[in-house]
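Working notes for the structure below.
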Amino acid sequence: MTPVQVTGEVLSLRRIGAYNAMTVVAPGVAESAKPGQFVTVAVGGPDTSMLMRRPFSIYQVRERGVYGGTVEFVFSVEGRGTRWLAHMQPHEPIDIVGPLGKPFALPREPATCVLVGGGYGSAPLFPLADALRERGCRIDFVIGAATEERLFGALDAKRISATLSVTTDDGSVGLRGRVSDPLPEVLATTKADVVYACGPMPMLRAVSRIAEEAGIPCQIAVEEMMACGVGVCMTCVLPVVGDDGETRMVRSCVDGPVFHGERVRFDDIGTIPADAVGAPEPPPEPKPVGKRAAKAQQVAEAVR
Amino acid sequence: MTPVQVTGEVLSLRRIGAYNAMTVVAPGVAESAKPGQFVTVAVGGPDTSMLMRRPFSIYQVRERGVYGGTVEFVFSVEGRGTRWLAHMQPHEPIDIVGPLGKPFALPREPATCVLVGGGYGSAPLFPLADALRERGCRIDFVIGAATEERLFGALDAKRISATLSVTTDDGSVGLRGRVSDPLPEVLATTKADVVYACGPMPMLRAVSRIAEEAGIPCQIAVEEMMACGVGVCMTCVLPVVGDDGETRMVRSCVDGPVFHGERVRFDDIGTIPADAVGAPEPPPEPKPVGKRAAKAQQVAEAVR
Amino acid sequence: MSTTLTVRVGTPAATPASTVDMSTTLGRFELPNPVLTASGCAGAGRELNQFFDVAQIGGVVTKSIMLRPRSGRPTARMAETPSGMLNSIGLQGPGIDVFLEKDLPWLVEQGARAVVSIAGGSVEEFGKLATRIRDAGGASMIEVNISCPNVEDRGQVFACDPRAAANVVQAVRRATRAEVPVFAKLSPDVTDIVAIARSCVDAGADGLSMTNTLLGIVIDTDTMRPVLAGVTGGLSGPAIRPVALRCVWQVHQAMPEVPILGMGGIRTGLDALQFALAGASAVSVGTETFHDPSAPMRVLRELTKALADRGFERFSDAVGLAHQPR
Amino acid sequence: MSTTLTVRVGTPAATPASTVDMSTTLGRFELPNPVLTASGCAGAGRELNQFFDVAQIGGVVTKSIMLRPRSGRPTARMAETPSGMLNSIGLQGPGIDVFLEKDLPWLVEQGARAVVSIAGGSVEEFGKLATRIRDAGGASMIEVNISCPNVEDRGQVFACDPRAAANVVQAVRRATRAEVPVFAKLSPDVTDIVAIARSCVDAGADGLSMTNTLLGIVIDTDTMRPVLAGVTGGLSGPAIRPVALRCVWQVHQAMPEVPILGMGGIRTGLDALQFALAGASAVSVGTETFHDPSAPMRVLRELTKALADRGFERFSDAVGLAHQPR
C-alpha cells in the first residue's frame, strides 16, 4: 500500500459524456490500489508554470495488462491542468504517484450497500462495487449530476446493481433534483446497511445527514485542494471528530479522502471550529461563527 | 515592412544535419520579409514558464504557397525553448512576429559578394544570395562550423556560388580551422567588392577585421539576447559607432541585426565604452578597461 | 470604490461587453479605459504603434527618462527566469531634451495619453525633470520612478526610505501643474510598503504606481558567474504577480481613497481584474508586452469582457471590491 | 569559500560523480551532503521516507513546531501561481510534546539528521522551545523560524525587525548546547536583508537560512475575493528563486564567513548549484517536493553530477565561487 512515483505511459484517452477517461500504464500503482484511493499526476510538461500535481480518484485498475498494471481515472476539464491532460496522446509519458489515501472500508459480512455518486464522483464507486460484490454484498446505486452528459456510469451501474436511481438538476434524465433527494426512500426500501458516497461537498453533507438520520453508517470520499497529496504540507485539512470526540483538522490526503460521514463537521469546513484541538485562543472580540463571519474578520485582520 | 504578429501554423519540421528547419504558414510575415531580417516565436505553449520569445533569422520565404505565405527558419537545439520547438508537429499553431530588424543592404550595381556563414549563420545568407543574384552579383561562399554536421547549406551554396570554401574546426570536412582563415585569400582572388557575414560574435569580429584590412565594406548580422525583439526594452544593445563618429549603445533588434562590421566595437561588447554617448561619469577610482575589469568592478559594486 | 453595488456575485447577469463603462480616473487624470503600458516596457509608444493604436488604450507610460542621455548598464541585461525575467537595463535613454523634442510630441500627435516616467539620482534632478516637463506640456500624468539609487546617499534607493521618497515626491509635485497628477512608483523590496506609500501621499503624491520589479539574481551554471553584467537585476512577469497584488491590497486597505496604478505580471484581462479587485484604478501591462506586442490592447479587450460576463456596468465598480466581506 | 581553487572554469576536466566529496558543514553540524528538506515541506520525514531513505540526504528540516498543538488557518490554504504557490497553513502542528515524543525519535532511529525548526509568538516561547529540545536531545541543528508575528508587538513579524530577530536568536542560542548550531531563518520581505542577517549573527546565530516565502495574495476572479481564507499567504517555488538567490548573494558578500542554508525555488541540481555558487553551504528543497516527493534525493544526485561535470573534487569548492572575479 505504500505509494510509488512512476513515469507511466498514457495507454488511452477516451471521452465518456462530459468526461475524459485516461488509462495509464503505471506498474506499482495499479497492483496495490484499493477502492477510494487516488493518484496525483504532474501536468504541463517539463517547462510548465504549473507546479501542483492534480489528484484524481482511481476508477479502474488492471493489475496485469499486456503492458503491465494500468490505472484509469475519469476527469472533467476544469482548468489549465485538466485541459492539458485532455490533450495528451497515447504513448506520451506521464508522471503519476499513487495509490494515495485511505480506501473505503468494506463490511466484513455481506451487506446491502447504497452507493451514491455525484458527477465524476461515481467513478471510484465502481471498483468499490466490484469489491463489495466479491464479498457477496447487494449494491444499490444512486447517481446524479447537473445534466445528462455529466452523469457518469449510469449504464454500468444498472448492470451491477439491484436498483439504480438517477437524478439530474435539469431533469434531462431521471428524477429532476439532487442526488440526495431519492436517497431516504432508497435507504428505506432497500433496508440499507451502509452508504458510500463520493461527489461535491454539499452533496456529501446531505448524504451524511440522511444516513445519520436513518441511523446507517456512511463513508464518504471528500475532495479538498491538495498541494502535496502525501501528507507533508497540511493544505488539505478539514475538521473531523475523532474517536475520542475531539475535533481535529485532519489531512484529507492521508487521513482521508474517505471519512465516516457523521464525523466530518461539514458546516465548519473553511473555518477552524473554536473547539478544535489547537484552535486559536478566542480573541477579545466576540468570536465569529460560521464561514462568512470568519471571512469578514480575516479580511479585516489580513494586513497587520 | 512593418512587422505583424500572427498565429501561424507549422507546415513542416525537418532535420538538416545538426539543425531543424521549420516552415510556418505566416501570412503577412512572409510577404514583406527581406534578407537578414528575423522572426520571433513564442515557445512552450499557453501554460509555459518561458516568457521570452525566441529570435531566429529568416531562411526561406515563399510569398504565396498553397497555404499562404510561408517562412522557414533553421535552428539548433540549445536550451528549453528550442527543445520545445523541435517537438512541434505539423498543423500545430505557432505564434510568430516578423519580419523584424534591418535587412542586409544590397549593392546598387552588380558586384562580387563574399558571403561568410558560421554554423546556422549561413541560413540567412541564402535569401541574400538570391537577392544578390537577381541583381547580377557574383557570389562566393565561405562556410564553416565546428563539425561537418553543423555546417549548414554547403551543397546549396555550391550550386549558386562561383566558389565555395568550407572549414570545420575538427577538419572533418574542408579546411581544418576557422571560417575566417581562408577569407583573406578568397577576398584577394575574387577581388571582392563587399562581404556579408552571419555567425557567432568572435567570427563576426574576425571577418570584420579582415574586410577592414582589405578595405572592403562588410555587413554583418549579429545575435544578441533579446527580450522584446521590437525595440522597446533596450536589452539587445551593443556599442556601435555612428555616422557622426560617436559611439552609441544601439538596439540590435531594430537598429540591427545587420550592421557595418567596422562600426561595431567588438572588443567593447559587454561593456559601456567610456566614450559612448551617455556613458557613466568616470568613477573616482581608475577607470576599468575591458570586460574582465568591468566585471570585477561590477561584482564588487553589485550589492550596495 | 463604489458602496452601492449593482453587482450580485454568484448570479451574474452578463452585460454586453460593448456597454461596460471602462472609463476611470487616476487623480485628476481621466482615462477612457484602465489599461496602460508599463514604464520601460513600451519605449515611448512608437514601436508598439505598429501592432496596435496606442491612442486606444488608457495611456502610454514612457520609459523613465533622466536629465542627460544615458547609456545604461553593460550587457548581458536580461535573463529569463521561471515565469519571469530579470532585467538590468540601467535606464538607458536619450535624456529629457530629446524626449521632449521627439517622443512626447509624437505621443500627443497620435492622440495618446502620455504618462511620463522620470528618474533621477537626486531630489534636485527629479525637480528639474518635472519643471522641464511642465514647461513643455503634453504630459497627462507624471510617474516618479523612485527605485533609483540616491547618489547623494551612498546609492541608497529612494523607494526604500520613506523620507527620501517623500522628498522626491514633494519636489516633483511642486514643479508640476495642479491638474497633472503625480504618482510615486513604489518598490516591493521594502519591509513596510504602507509606510512608504503613506509618506509619499503625505508629501503630495496624487496616487501610487505599484509595483516596480523585485531585486533578483541568476547565476550561470556554466560560467559560474552572475548572468547579468550588472550582477543583480529587476524581476518582473507573472512570477511576481502575487507579491505586487499583495502590495496593492495592503495599500488600498490602508488608504482606500488613494488611487493606485497597479502592475506586476499582468498577462490577461483576468489578471488585470485581480488588480482592480485589490484596489487598482488602472493597470500597466509590462513584461507581457515582450511576449505579445499587442498585449495592452488584448488585456483591455479581455478585461472588458470579464467585467461584462460578471454583470458589471462600470469598471469602477470593481475597484477594491475584494475588500468587501463575502 | 576556498581560495586555492582546483577548478578551471571553461576547461573542466570532468570528475567521476562518485568521487566528488559532497560533505559540508553548517557551523559545527557536519553533513554527508548538502541537500536537506525545507521546513513545512517534509513534515517530520515519515511520509517522504516512503519515496526515499531520508537518512541519505543531508538532513531533514522539520515543520516549524510550536509549544502547544495548533490547528492553523482555515482553508483554503493554497493557491497555485505562475511557477509558484501561495500557502497559508498557519503553522498547524502537534506541539513540542508530541513532536519530541514521536517525531524526533523516529528521525533519529532512521539515522537521519534532524534540523528542528521552531516557531513562537514571543521571545520567551522560543527560549522554552529550545530548552525542551536541548533536554530531549537528538537535534543536529535548530532553525529558528522568525517569520512569525510577535504577539507582544502588535503582530509585527520578528524577521522584519533587527532587534526583535536578535532577541529571539539570543534566547534560543542561550538555551541550546554549544555543539548544536542555531540558524536564523530570514524573510526576504525586508528592505535590508544584510542588516537583519548581521543582527542575528551578532546575537549569536551560527548561520542563516535563506529564505522563507514572500508575502503574496491571489484573488479569485469568480468569487472576486481572496482565494486564501487567510487572505495573504507565502509565495514559494521557482518564481521566487531569483529573489532568494539575491538574498544569499548579498549576505554572503557582506559576511562570507557566515554559513548559509539556501532555499527558494530549488527544483534541480543546477538550481542547487546556483545557491552554492552564491554562497550557500547547503540547500533546502521545499515546494518541489510537492511536485516530486523524492526531489531532495534527485537534487542531490543531480548536484553531484553537475559538480563532477565541472571538474569539482569537493562541493565546498563551489561555495561562494560566483563572487570571485571572472
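Going by the order they are written in, the chains are A, B, C and D; count residues from 1 in each one.
The definition used in the following text is that contacts are C-beta pairs under 8 Å (C-beta built on N, C-alpha and C of every residue); 3 or more make two chains touch, one makes a residue touch a chain.
It should be emphasised that the depicted structure is a prediction, and the values quoted were computed from it without experimental measurement.
Chains that touch both chain A and chain B are the following: C, D. Relative to chain D, the most remote chain by averaged C-alpha coordinates is B. Our note on geometry: chain A versus chain D, Cα centroid distance of 34 Å, whole angstroms.
Here the spacing of chain C and chain D, counted between their Cα centres, is 34 Å. Put simply, the C-alpha centre of chain A and that of chain C have 44 angstrom between them. Counting partner chains per residue, chain D has residues 82-84, 225-226, 231-232, 237-238, 249, 326 touching two or more of them. Contact of a single residue of chain B with at least two other chains is seen at positions 49-50, 295, 299, 302-303. Taken pairwise by the contact criterion, the protein chains are fully connected, each one touching every other. Residue ranges on chain C touching chain B, taken from their complex, read 40-43, 47-48, 50-51, 63, 68-78, 80, 82-85, 87, 89, 92-93, 95, 149, 154-156, 225-226, 229-232, 237-238, 287-294. Across the complex, chain C is touched by residues 2-5, 42, 49-53, 95, 97, 224-238, 248-249, 254, 269-272, 276-280, 294-295, 298-299, 301-304 of chain B. Residues 9, 79, 81-84, 86, 160, 189-192, 214-219, 221, 223-226, 231-233, 235, 237-243, 245-246, 249, 265, 270, 273-274, 277-278, 306, 310, 318, 321-322, 326 of chain D touch chain C in their complex.
Put simply, chain D touches chain B in their complex at residues 82-83, 194, 238, 249-250, 253-254, 323-326. Residues 44-50, 80, 84 of chain B are the ones that touch chain A when the two sit in their complex.
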